[in-house]
Amino acid sequence: MLDTAAIEVENVSITFDGVRALDRCTLRVEKGESLGIIGPNGSGKTTLLNVINGYYRPEDGRVMIFGRRIDGLPPHRISRMGVGRVFQVTNVFKNMTVLENIMAQGVWMKERKNLRSRALEIMDLVGLPRNLKDELAGNVSGGQQKLVDIARALLPQPEILMLDEPVAGIHPIIKEKIIEVVDRLRRDGKTLMVVSHDIPSILRMVDRLAFMNAGSILMVGDPDEVRRSSKVVEAYLGV
Amino acid sequence: MIFPLEVLFGQLLVGAILLGGLYSLVTIGLALIFGVMRILNIAHGEFIIFGAYTAYWITSLMGVDPLLAIVLAIPVSAFLGYIVNRLLIRGVTKSFDAPIVSSFGLLLIMQASMLIAWTGDPRSIVTPFTAESIHVGPVLLPIIRLIAFAVSITILTLLYIFLSKTYLGRAIRAISQDSESAATLGIPVQKIQTFTFVLSTVLAGISGGLVALLLSFQPTFGPEFLLKSFVVLALAGVGNIPGVIAGGLILGIGESYGSFFLGSGLRNVVAYAMLIILLLARPRGLFGGRAVREV
Amino acid sequence: MKAGAILAAVAVAILLSIPIIAAGNNFVITLGFIFSVYIILALAWNIVGGYTGMLNLGHAAFFGVGAYTLALSTGAGIHPYIGVMAGGLAAVGLGLLMSPLLRLRGDYFAIGTLSLAEAIKVAVLNIHAYGIRVTSYEGLGRVENYYFVSAVLVAVGATTYLLQRSRLKLALVSIRENEVLANASGINPLKYRVIALLLSGVFTGIAGGIYGYNLLYIPAEHVFSIEWTIIPLFMVLIGGRGTLTGPLIGSFIYLGIYYVLQFTLTEISLLAFGLVVVLIIKFMPQGVIETLFIRTLRIKRVSII
């Protein structure tokens, strides 16, 4: 049991209309670690998260969560195993209030009571002011919607949280909040996968960094080392 | 029961096909608006009946030939379509159900206005050849139905050429695929939607004129044509013209054979049953697969 | 919240005292009966059309099936009020039959339900071109029927109130707002939509049953008429969908406008009514509640549940 990782991706490949979005991609995320993924646009980062979530079924290879094989399971099953996801595009139920948005994630949960108080606690945790709870989610700022998105993902207390570009295009003040929240989750021992273009921000949220290009992970290691590697510099400047 | 083959595959089939051609034309206006503007126009049948009355009054008051009257009715339908689009449709198109409800309001307005203006008396356009038929072997072809069929298929063919060959037609199709991308390509989306709406009301009006040649009609007959159009639309999938023609023919055949075997009372049940089974089995329409050209 | 409870208590008290106040005035009791039926239908339609956002244009079929089941049951010698409940059950059956349509996209669902309702109507008309007679039952007349319908109205109101505060509502509204996201949050859209449709059906079927018994004669054309779909739909859209107060306020506005127009503009009432509908959709697409109360009067919105 000692060597089960939180997430294991082994030789996963997937093709869309002839484009090889993932090409024998292999990656291992240990329990309690926070792994960052960087890579040029279109290198397959989002697709990798989508495969882990179960939105796409890999053509080849396997995916395991806590040692259990999950490729082929439907998204809601994987979600209920404790895998949270914050999408690249901010996604809220626009005509529901902020609080209802967060609580919607708990509809299926066994626990009958406390849904509301738990949702309120999570609002505090991500730094959403409580007086926003009755606002329609469509009416709060873009950055606050992102916080709602993150709060929703956190409601079932997932062991693993995957965040896709959580700070892209976000107002600097909220961006700071988001980085703090992710950092706190990391210190609390959650397993995290963070995809971002923003290298200074990602360095504050992760323990290790992976570099992805053309559908494969080319390098994983100490953030500073990866960042300075000639392969990475080339890929970024070369495109 | 045994039916002679020449009845089953002769007269009945020919009648069904002639009827089906008209159903295609009756539907095309609804299909165009649905395809391009994503609006389900519940008042579609009223535009058809309005076209029938316009042609009726032009021919009976001015004494012109009925077919010419249908042509002369075109600007009237176009004008009505323009006004309706201007006042009711523009600006409420964001969600799919607001236009459904407001076009239902339009249905009430048009139906009530027509009842007040023209009473509920059944009318029909009588032509010199209304009772004439040609004999082809054992089969009887009523001239009026032949004309309606020929006019319908000609108009649909012209429309098909227009949509696939002209700039305007391509722009309409581009909007039906993805109006946001079309806008970024510099296509004037709103103008073209207005044009499409007017075109649709004109097509509905023409089909109404043809209906008036074949059947007697009343202000309250609109919903019947709306439902028939739904069936054809569901058969065709979103606005592809060959699909609409095929859908119209299938409806014509289904209805004719259905009422022949089950009794005319169940004529419409056959149509609805076809529709529901189709919706469930092929939600995108029988001919609405990916490869089919969309309007 | 207290104000709401008092208001609800007053409303129920008025509802129940109408026959006493009317003191045998049949017109008033009948009007109260009809209004209650409409309001039940609006609240029931709202469960599907408002909370799940699926435009059910086949609602009339629930009503007609309820009325027809009642007629058939009394014909078989069953107690009429049991026949009314059987009408509700029959409507649930119809709801199950309709539920595969819930997989469809919104506009196709609208077409499908409308056609299903029309098909049922035509089929019934084909068997009973004029309708069927209901055997009346000693001691169950206008006033008793009025109380029955009031009880149904209170039940559907209470159901909506509880729904407002339930996880079911969260599930339904989140599916309405963004089906993909809801699915990603572990919610199965079809399951919840079916639940909503059956709830909507049972109340409408019961309403159809009691309406039929009150008429004592069931003209198929009338009980399956599309007006039993369209009027509730208007009531909900006028008031605002997906709430308890929206359909209630919408019902009063609708019935007010409708009856005023009927008595003043008899000839052109439908025309004027069409205009009202069009104007409301154009200028208050979110309904009166959202537009007047929340935006203009700035009444605070609260997350209930």
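Note that the chains are named A, B and C in the order they appear, and that numbering of residues resets to 1 at the start of each chain.
Just so it is clear, contacts are C-beta pairs under 8 Å (C-beta built on N, C-alpha and C of every residue); 3 or more make two chains touch, one makes a residue touch a chain.
In this text, all values refer to a predicted model and were calculated from it rather than measured experimentally.
S.K.: By mean C-alpha position, what chain is farthest away from subunit A?
M.R.: When every chain centre is compared against subunit A, the largest gap points to B.
S.K.: Between which chains do we find the greatest number of C-beta pairs in contact?
M.R.: Ranked by C-beta contact count, first place goes to B-C.
S.K.: Where the centre of all protein Cα atoms falls, which chain's Cα centre is nearest to that point?
M.R.: Central by C-alpha mean position: chain C.
S.K.: Quick one: report the Å distance separating subunit A from subunit C, using the average Cα coordinate of each chain.
M.R.: Spacing between the chain centres: roughly 44 Å.
S.K.: If you average the CA atoms of subunit A and of subunit B, how far apart do the two points sit, in angstrom?
M.R.: That gives a centre separation of 51 Å.
S.K.: Compute the distance, rounded to whole Å, between the mean C-alpha positions of subunit B and subunit C.
M.R.: Once rounded, the distance between the two centres reads 32 Å.
S.K.: Among the residues of subunit B, which ones contact at least 2 other chains?
M.R.: Within subunit B, no residue contacts more than one other chain.
S.K.: Could you please specify the touching residues of subunit C with respect to subunit A in the complex?
M.R.: Per the stated touch rule, the residues are 167, 170-171, 173-174, 177-178, 181-188, 300-303, 305.
S.K.: How about subunit B: which of its residues touch subunit C in the complex?
M.R.: 34, 38, 40, 88, 91-92, 94-98, 100-102, 104-109, 111-113, 116, 223, 227, 230-231, 233-234, 263, 265-266, 268-269, 272-273, 275-276, 279-280, 283
S.K.: Show which residues of subunit A lie in contact with subunit C when the two form their complex.
M.R.: Where subunit A meets subunit C, its residues are 53, 75-76, 79-80, 85, 91-101, 103-108, 115-116, 133-136, 152, 156.
S.K.: Residues of subunit C touching subunit B in their complex?
M.R.: Interface residues on the subunit C side: 53, 55, 100-101, 103-108, 110-112, 114-116, 118-119, 122-123, 125-126, 226, 230, 233-234, 237, 267-268, 270-271, 273-278, 281-282, 285.
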